[in-house]
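Naming follows writing order (A, B and C), and every chain is counted from residue 1.
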Amino acid sequence: MHWLTRLLGIFFNLFEPLFRLGQRVLGVSRIGWLFVAPNLMVFGLFTFLPILINFVYAATGGVKLMPFERPFTGVENFGILFECRNYFDIQTCRKDVFWRAIFNTAKFSVIQVVLMVGFSLVTALVLNRKIIGRGFWRGVFFYPVLLSPVVVALIWKWLLQSQGVFNAALVATGNEPIGWLTDAGWAFFWTVFVSIWAHMGFYTLILLAGLQAIPKDMYEAAEMDAASPWRTLRRITLPLLMPNLIVVLVLAMIRAVQIFDEVFVLTGGGPGSATTFIVQFIYQTGFAEQIHLYGLAAAASLVLALGLMLLTFVQLRLTKASEAGQRAR
Amino acid sequence: MATLDLQRIVKSFDATTILHGIDLAVKDGEFVVFVGPSGCGKSTLLRVIAGLEAPTSGDIRIDGQNVNDISAAHRGCSMVFQSYALYPHMSVYDNMAFGLENIGVPKAQIESKVSAAATLLRLGELLQRKPTQLSGGQRQRVAIGRSIVREPKLFLFDEPLSNLDAELRVSMRAEIRELHARLKATMVYVTHDQVEAMTMADKIVVLRAGKVEQVGAPLELYNRPLNTFVAGFIGSPRMNFLPVALLPDEARQGGHALVPQGTHTIGLRPEHAQIANDGPIAMQVSSVEQLGSTSLLHGKVGADTPFEMVLNGQTSTRGGDTVRLGLSTAHLHCFDSQGLRL
Amino acid sequence: MSVTTFLTRTHGRGRLDWTDWLSYAYLLVGLFTMFAPILWLVMSSFKTESAIGQFPPTFLPYSQKSVTVQGHEKPLPLFLTKTESGELREMAQVRRIGIMATMVDPAKPETEIRVNINDRKPINELQFAGNNYTDLFGKFSFGKYLWNSVFITVVATLLTLLINSMAAFALSKYQFRGQKAVFMLIIATLMIPPTIILVPVFLVINSVGLLNSLWGVILPAIATPTGVFLLRQYMLTIPDELLEAARMDHASEWRIYWKIILPLSAPALAVLAIFSVMWRWNDFLLPLIVLSKPEFFTLQLALNSFQGELNTQWHYLLAMTVITLIPITLVFAFLQKYITTGIASAGVK
């Protein structure tokens, strides 16, 4: 370990003169800028600048990567995305995959979030009771959260493939094997299931923390008030947990709308575009197709950004409302 | 309104036994106070009565009915918690109505009961407020209101006044007494403060280390404590304890003996000590506190037994003086070597 | 205290009621659902190529026994064979044509008999195909992928700790003009997920010449608003007097940061380090865009590209998957407490 301290020492000595100089120039009060500079530079270069450039891409066409080599096209990209002969029939849309992706994402988000938060809530309620080895059980549900999406997808792909365990069980009970990932309906189901499997532990943790913040004598008072377990849950536990629930719901929603990694590896968006979601559409349009349509991809990203902004706005409103109704405990 | 009978209540948590066999009978309409130092098991006993804890063994009878297997919700008890445990997200009205809603009382009836309790406790203006918008005393009254509204057989109080400041405590004590007189309900009250016990109780139960030391009316405990613990616990300032060896021989034996045979310790309350020029014991006064209406003398008797004396009015005695104490059998408490009263 | 007392101590009543049974049942189902797939993965990763293709699959890696027979170059598979006389004998299969198989007794390799394939059953034994793992390093450039992932994770984590602690220090211990705006700006970055700036980020990385470079994956992600927030919250609790005393001792601000703030922030740094390791190790979308040349692939990219082929070599893919999840599992096993408390407190905020 001695070499480690030596290395750190060298590193320290490297930067000290720079900061001493900065200190002399800027003074102690403004040296803060120097400390925060690297962070700001990275944010600036890789977050803020791209936001601006995104608009440039969305408003230009052509196939070049460099923004100044692209012809200005105004809102044409959006026009392409939204052009449909008949708005009730996706097939008549010019970019029907885009609409498919939006529809799939909406359907997925609602179903997945409701189910996942539901399971997380039940699990948190169970873990909140007096059980032996609570830390162990909490870890059980939390472990899949740590796995990479690629690993998660591969685990399930292995289980679900035509010669896999699930089909083995079906055949053993006298049924026909099912193409779990080749059937549109089942593929969608599994994207929901797998993402719930991989993420519910995280939200369980947050909800459990919220439950444990409820003082124990509140439950005793409810017991003395002859409240049945169901009434206690409905009138005491859930209302007191509401702020956490809202946070969890919105966080989960924002995550769900952006789902990509595990679905991409699990189904690749298929069969067809049955499990193609919006981020995959953006990726495909901008990077995976024969021709990289950067403008279209940027336009689609802005649509997604708009959706996310709406969600965040809703969250702020809901949080404010629930806080007004509660005012600290 | 009900009677309460406890028979041989034992409560253990894993390997530790908190209650070592409590027997108690509470009459209908009595105000009983459990008092004792922290850790004596008084709160545990209250929770066992309420049904929040199950006794390890023993029987609990409310109004003659054995309630061991009946859950807390259906025992007919209500509890005022030390922290009040008000539901923060519900209004005062909803807090009080909650219990009645749970047992299916119709809305109109709930309304009349809640407003009656609110009027009784002067909460009428506050019914729509949330608990966080109330002062400590107001919250306390809401907690009491929540108990009243259910018209329970037994009212249970778990150190309800300990979170209030001194002044509020005094006024709330009186309010609770008034409530008791008005409702004529059976109330069990837990406190560590012996002043509360003395001023509020019909009957006091002194507990120590999970055992009942003495049960009786306040004055009974004051005048005839059964052991040194109760003698020292009840009464403020604390009773003085003197080893009997401090008395001269003639005061100990023979016809004019002040104390019976077998006495090991003598107890004398500070307010019962008198200055007598020919008294048997001398006290070296170390300091005097003059409060105007009373004087408090601190000092020592014998080698180094601490002694305190309370005198009416003002005194000219100063620190460093020596005074002689007069002892009259009327106020002497005699305890044997086990600390039991003779 | 007896075992039964311990096991039945629940729900405060001293007796187990039906809600307790239900709870434990739920937890057991949860345990099975969460771990059975992973267990299945690990077990399958030890199956030989032929065992992998078997249907129905077995839990433990069984593979057909084989035996070396004199006169034959390669080991021959062993079958429990029913001979013409009706007796069952262990025989090795030389060849199989259509529905007839030629079998020999391993002890007497000259005598060949021909049996119908339905008259023989393979003899299986437990076989752990450790070569699934060792081959990875030989046949495929698995070592390279592993190195790429490790490099990215370690370097990114170190840089993350450095610059985010610097920023947190600035935002917690200094008062400078525009500080509030900077803080707001950083929080605002939380609102901008990478998914909506994919194309321009690609442009930027390309423009600075970091496409197909590990640094192109490291640099964009080292500034994290969550990290700044976490560290700042912790640093606020460090007493200002310590800094003032150091300044009186002529310590430069950098020295204060390095020698006082950093060591005192160790717990928060540990939590951020764990998060950073998790994020970087599991990163997929950004590397997917930035790294297109296989020699730069991270483990995650390699896993993904490996299964895109027509006939996926599952036995290698599964072994790769297991190796990829080992580091995270170790972090989990030893540092679970840090992670769960870190998340719980962050979530509560």
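The working rule: a contact is a pair of C-beta atoms (placed from the backbone, for glycine too) under 8 Å apart; a residue touches a chain by one contact, two chains touch by 3 or more.
Source: prediction; values computed, not measured.
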Margin query: Quick check on this structure: which chain has its C-alpha centroid closest to the centroid of all protein C-alpha atoms?
Written below: A
Margin query: For the interfaces A-C and A-B, which has the higher count of C-beta pairs in contact?
Written below: A-C
Margin query: Taking the mean of the C-alpha atoms as each chain's centre, how many Å separate chain B from chain C?
Written below: 63
Margin query: Taking the mean of the CA coordinates per chain, how far is chain A from chain C in Å?
Written below: 19
Item checked: Length of the line joining the C-alpha centres of chain A and chain B, rounded to whole Å -> 59
Notebook entry, point to check: Mind pulling the chain C residues that touch 2 or more other chains?
Noted result: 9, 12
Next item on the list: Would you please write down the residue numbers of chain B that are in contact with two or more other chains?
Entry: 52
Check: Quick one: in the complex, what on chain A touches chain B?
Finding: 215, 217-218, 220-228, 231, 235-236, 239-240, 325-329
Next item on the list: Can you check the complex and tell me which residues of chain B touch chain A?
Entry: 50-52, 71-74, 77-79, 81, 83, 85-89, 98-99, 102-103, 130, 132-133, 146, 150
Note to self: Per the contact definition, I'd like the list of chain C residues that touch chain A in the complex.
What the structure shows: 7, 9-12, 19-20, 23-24, 26-27, 30-31, 33-35, 37-38, 40-41, 44, 53-57, 162-164, 166-167, 169-171, 174-177, 179, 182, 185-186, 189, 191-193, 195-204, 206, 208, 219-220, 222-223, 228, 247, 252-255, 257-258, 278, 281-282, 284-285, 288-289, 300, 303-304, 307, 314, 317-318, 321, 324-325, 328-329, 331-332, 336, 339-340, 343-345, 347-348
Notebook entry, point to check: In their shared complex, at which residues does chain A touch chain C?
Noted result: 12, 15-16, 18-20, 23, 28-36, 38-40, 42-43, 45-54, 56-57, 65-67, 122-123, 126, 129-132, 135, 137-144, 146-151, 154-159, 163-165, 167-168, 171-172, 197, 201-202, 205-206, 208-210, 213, 229, 244, 247, 254, 258, 260-261, 264-265, 279, 282-283, 286-287, 294, 297-298, 301-302, 304-305, 308-309, 312
